[in-house]
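Just below sit the structures, each encoded as structure tokens.
Both complexes shown next keep chain A, but they swap its partner, so chain B is in the first and chain C is in the second.
Moving on, here comes the complex of A and B:
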């Protein structure tokens, strides 16, 4: 969705909000239009609004509640995010959808805590984000689920020694490799070294040289680095002549990473979903493309849509739009119906238990399906 | 020993990029007193030039040339449209202007190209390795070192052996006197911006070859480091900027390579603390300009 369209939607939503009727359900949306979150919030919001429009065209949530959205730009700035959340609450928001990362979600959840307004992140995956309070929800498979599934897959492939590359600058880039390492060791693997990097680090050659000198040599390197750090890392790694297997989190599931060419051939990563032929996900892609002209090229679009499905099912179970009732109903959902995958909040710490896909990038810039499974809740690493 | 050779190559390679960017900042600062924080966006524009050229099916070598050319054109455009009108304003006004220009360019990149990084895929043969004394050295870092040194040498020759270069050095000493002597100041200043754009374009080539993607923020962080390098070397000192660039590059790689894991989150803080210590020791920088601007 272009910025102009977003402004138009936002403006019309704000006008409509002013005239909201009692049966309307008002959802406030934090959506960064600039800064580091824009690549994730943008697609997630596009998918979210697409499905809101679909629901409203069919008579609203469960045919009862027309959804009114208040959409505000946070510029990827946490202080700005806190401000716009307060504004949206003042404008009557009954549900807040927060940016696609743990840190802005945690900040937003501090504001929504007093009124118990349910708050759900677009795609934040660090399981610590729900620790703020019982009103906070994840929507995407959490890092510990992804780490556990990927570690089990790595052990199944006979890989024994892992080198972890992580950044303490964000919960995501730190947590993912650590969860992987914890499960990998519990399954009999060894961590042969770790390196820390800074977000937007200019150069990865020193880390690569350290990996080359590791003894014993790793047979897999795991990182949850995102763009532009991952492209820089993999270029430095392959440029130094190391062809070690590399694995990473769902953030590698992007056309940018796949477009890097030979250097990413064989890289394995987790993902929230895979559009198998004939699946609901494949139909979503076709419908979205037909309606907007844009082809969803990552999972944030469909996950944005699934957030609407989660809200609808919680409101149906609650039997009302009361924030506390919706929160309690959301936490009890079991095998809820989603498009990317089904979801269960019951028995979790409100990071939904969902399918985790393992995929492999091919040299021609495509990704191929490897496996789909759920993490075992009993063995999940604790946040 | 292999480890030391490889980390030394890494350090010189990174230092070379910082040195080129720092020199680009220093050339402009020495003449018009502008600390140009849009310099990073000029570098980014060069990166997008490479990306778009490849996207339109041009050969990688042609794409690199276009990327460098794009950076030069952008530098000249900014000089003519934004900075010439502000010439003579105080340093703070110029600094704020450069921040504003930088922000405008970032938003334009984001909304007209992409908010997320776009990939740049060079031929696989460009990222090979070779062996020296048992150490495996990457082709890209080696080429980047050679390109950096050739660029710095070429610039030195231009500044010392050509009439334009001498005019630029004279402008750095006293722009008003240069005008009184009948030299066209606008041309000299534009030449300085063109050279800084050229260096930013070359840095963009090396950077994208090493990192594989371009995003709206690509130039911001290396230019921030380059700015620190110019301060460390001595604001307005061309030699100081080069020295500062290499010092920062070496410090970053050494701290990354040899700090224990527990201290690694403090890496940037340690590098900056060392810079502060150096400035306490030599407040005008390591190689201060003759008309030194104390940092």
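Moving on, here comes the complex of A and C:
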């Protein structure tokens, strides 16, 4: 896999040098190749580069601008990130794609603010990250959108009482359940209890006992926990004989969670997209697999590709590569065409309004499509 | 080094210390200059990050290097510095949106960095003083684990205090005001501070206690206090370094100051050499250059027309390899246990000829008497010392003899409060010493050597004795003069610049006594000073001790197996057996006491028989002459 990826990027570099006569659009990419962000930055960068290569092979963005990427490893280290962003600006970057989390994105955005260089996170979903300035953009459906859609779905199913399991150790694990709770209550549901856990907590029996003792009993448990916390939690919960409905965030959309077997049967989670048969997303998966030999098994690949689409449409609308013009054009995009889903920046605080998919895990390790909808901007919780 | 050279030694040591500080500064300045001049703006950024790391790691080394305890708690100080400085300097407009629930007393200050830093440093000092009261009580691994606990607690509080820190969410809007001149200036100031502390009396005490806690206490140094002082200074400095780190990043979260940062800094310190400031500086520079050098190749570069592919992860791999290699080849770090740069014995200092005159022999001590009254101590039911009563006055060498296991060393440890007695008491001219600390026994005028050598291995011969003089209350030049006097008295002048762990056995023994004498004690307790010495060395030592007794009139309590040696020196002999006093008196009387002979060579043999039959066998070796 790595070799093919290397081959791919090397050929893209060669293609690039051959065609450097056309005007280049320089995009700096912060990509953590090790550390806690690597599982997100890695696929996102692979998908991003794949689509950059496709665009360049077809004559560049809108057939006009060949894309030149400067990619630098941040090792998931914020100080390293600050340094590489400055270096990329020195090397003429006109657009920065930042790591898939709020910390590095906000740190980068404070640096790009001076020149108004548009900055977009790979997959950061904390809605707070665009507060730094008007040049910062999200790309993935934000936590509050996911929480709102999931809460509305839960109420539609007639669920009344929710128990929230959250971790203050990260904005994601804390924010998701809180946004869910806020919307759930506004739709007439009740929060019957809340427990906090620590990231990488090995034992969830205390929390399970508290849930068991909750009065009234919850009919749904919501957590934005990821691996290895989610598997530990769900095993403890089911092991204690509780078969309460469990719902979670888009981090549950992984083959390893689906592979947990009976304990995850029926777990419902949000997702950024679903590769329906015959859809653009399904075609992307086939193309990517054919070209690289790797099957994109999460949404970060296709979202990386969609970032290229967002940039292309913003450049087209701006009619130039001027950073300020691109920033303004990006913020005005309405129903932009994407592969994972379409995207709207207009009227948002630059976290794009995109479809949120609700999916259900089945006992045989698959996921089934439940619904696809957009959050209602009117009921969206404030970050 | 001859005698004349010895007298110039203090001046040379001061010069060497100055040069070593300069070496640290020059190494840093050269690294910064090369980075900025050769690599332009990107080099300058690397230099900024490097200088901030130098400040942080040097601050960390102030505690770790001087106490020998690896601390993981310094991330806590850095977090406090970064958040506090961020809040105090943040533009009010940004603060209102990013920290809407900030308590009023913290809100809206908009200070400049220069106004904020003193507040930050003071807060760090207060936090260090509070946490230090607990951490300074611990040593070694338990102290390291406690410091890790401090880090975890602070991280938890930072995550929980959402009104002040935004919890685990990114804290942003911190003015990015750290440029190269500020970062470099801070690194220089930190190096100067750390070097000054390391060579100051407080720093020497800390390093002495690091090398041997009990020996330091026996000189009147409070090991706990040395750790506390080092912790406080180091903590306050780390808090400032954290503020600079925050102002370099502009945005961070509690995770930015957690394990990965702490481990990176500890790794830099250990690679460079934990025991010295030069080690900290070298470690940071080495690792920065290595990582940033390797990083240039990660993104795929063109070398001689060949495009190399992207290979990410090289930096992590190279760092891991570097740490492994250093630990394997140089376990004490790149710089080793001593400061970077020439020692005081180096040739370049030979032209320094300013002499310090050795101190005159101290005035004869006034008449005092050390008395043990009914001292008792049991270990797990075994009576090691059982109601021992005896006296050791000034002006006399009191020999304390007895077979192995008689309880002699335990008795000394009871007198010096290494052990706490189960019963009885120790009096010095009527003053009860049985409730004071080991340090206060030393301050009362009782000084000792140890049965097993307990030198300060990480210090030079001169520093070993200097520490003792400083601990006894001598200041500056006077302490140096006292140290020179004792080095001369024990013929250690040639070895002044030598590390204590590089000495021959005999020289180590002499050094330990010189160190004890430099305290100018009233009573000197010598626990087997001649053990392991050859006859010539033993005779030489006896001469020196008699000279000191005659000159200064101090009392010596001498424990040794070599009865010939004890009898030659003693005016009075006390004999112990199985924890109790079995005889005392003039050496001649004691020597003939049947109980003493029985204790030494067994029941059923009379003194006469021994004299007759074992004259050539046991006794000459034991040193008992009929």
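As a working rule, the second predicted complex is superposed on the first by the 362 of 383 C-alpha atoms of A that agree within 3 Å, B and C clash if a C-alpha of one lies under 4 Å from a C-alpha of the other, contacts with A are read in each partner's own complex, and residues count from 1 in each chain.
Here is the rule we go by: a contact is a pair of C-beta atoms (placed from the backbone, for glycine too) under 8 Å apart; a residue touches a chain by one contact, two chains touch by 3 or more.
It should be emphasised that the depicted structure is a prediction, and the values quoted were computed from it without experimental measurement.
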First, second, both or neither for A:103, with chain B first and chain C second: second
Contacts of A:168 with chain B and chain C, given as first, second, both or neither: both
Partner chain in contact with A:155 - chain B first, chain C second, else both or neither: neither
Which superposed partner A:212 touches (first chain B, second chain C, both, neither): first
Which superposed partner A:135 touches (first chain B, second chain C, both, neither): neither
Which superposed partner A:269 touches (first chain B, second chain C, both, neither): neither
Contacts of A:55 with chain B and chain C, given as first, second, both or neither: neither
Which superposed partner A:367 touches (first chain B, second chain C, both, neither): neither
Contacts of A:350 with chain B and chain C, given as first, second, both or neither: neither
Residues on chain A lying within both footprints (that of chain B and that of chain C): 34, 168
Contacting residues of chain A [partner chain C, same complex]: 6, 9-10, 13-14, 31, 33-35, 70-73, 75, 77-79, 82-83, 86-87, 90, 102-103, 106-107, 110-111, 126, 128-129, 131-132, 168-171, 174
Residues of chain B defined as touching chain A within the complex: 2-3, 6-7, 9-10, 13-14, 17, 106-107, 110-111, 114-119, 121-122, 124, 127-129, 136, 138-141, 210-213, 215, 217-218, 221-222, 225, 252-253, 256-257, 261, 264-265, 267-268
Chain A - residues contacting chain B, complex: 3, 34, 36, 38-39, 42, 168, 194-198, 200, 202-203, 205-207, 209-210, 212-213, 227-228, 231-232, 234-236, 238-241, 254-263
Of all residues in chain C, those that touch chain A in their complex: 41-42, 45-46, 49, 97-98, 159-160, 162, 167-170, 172-173, 176, 245, 248-253, 255-256, 260, 295, 298-300, 307, 309-310, 312-313, 315-316
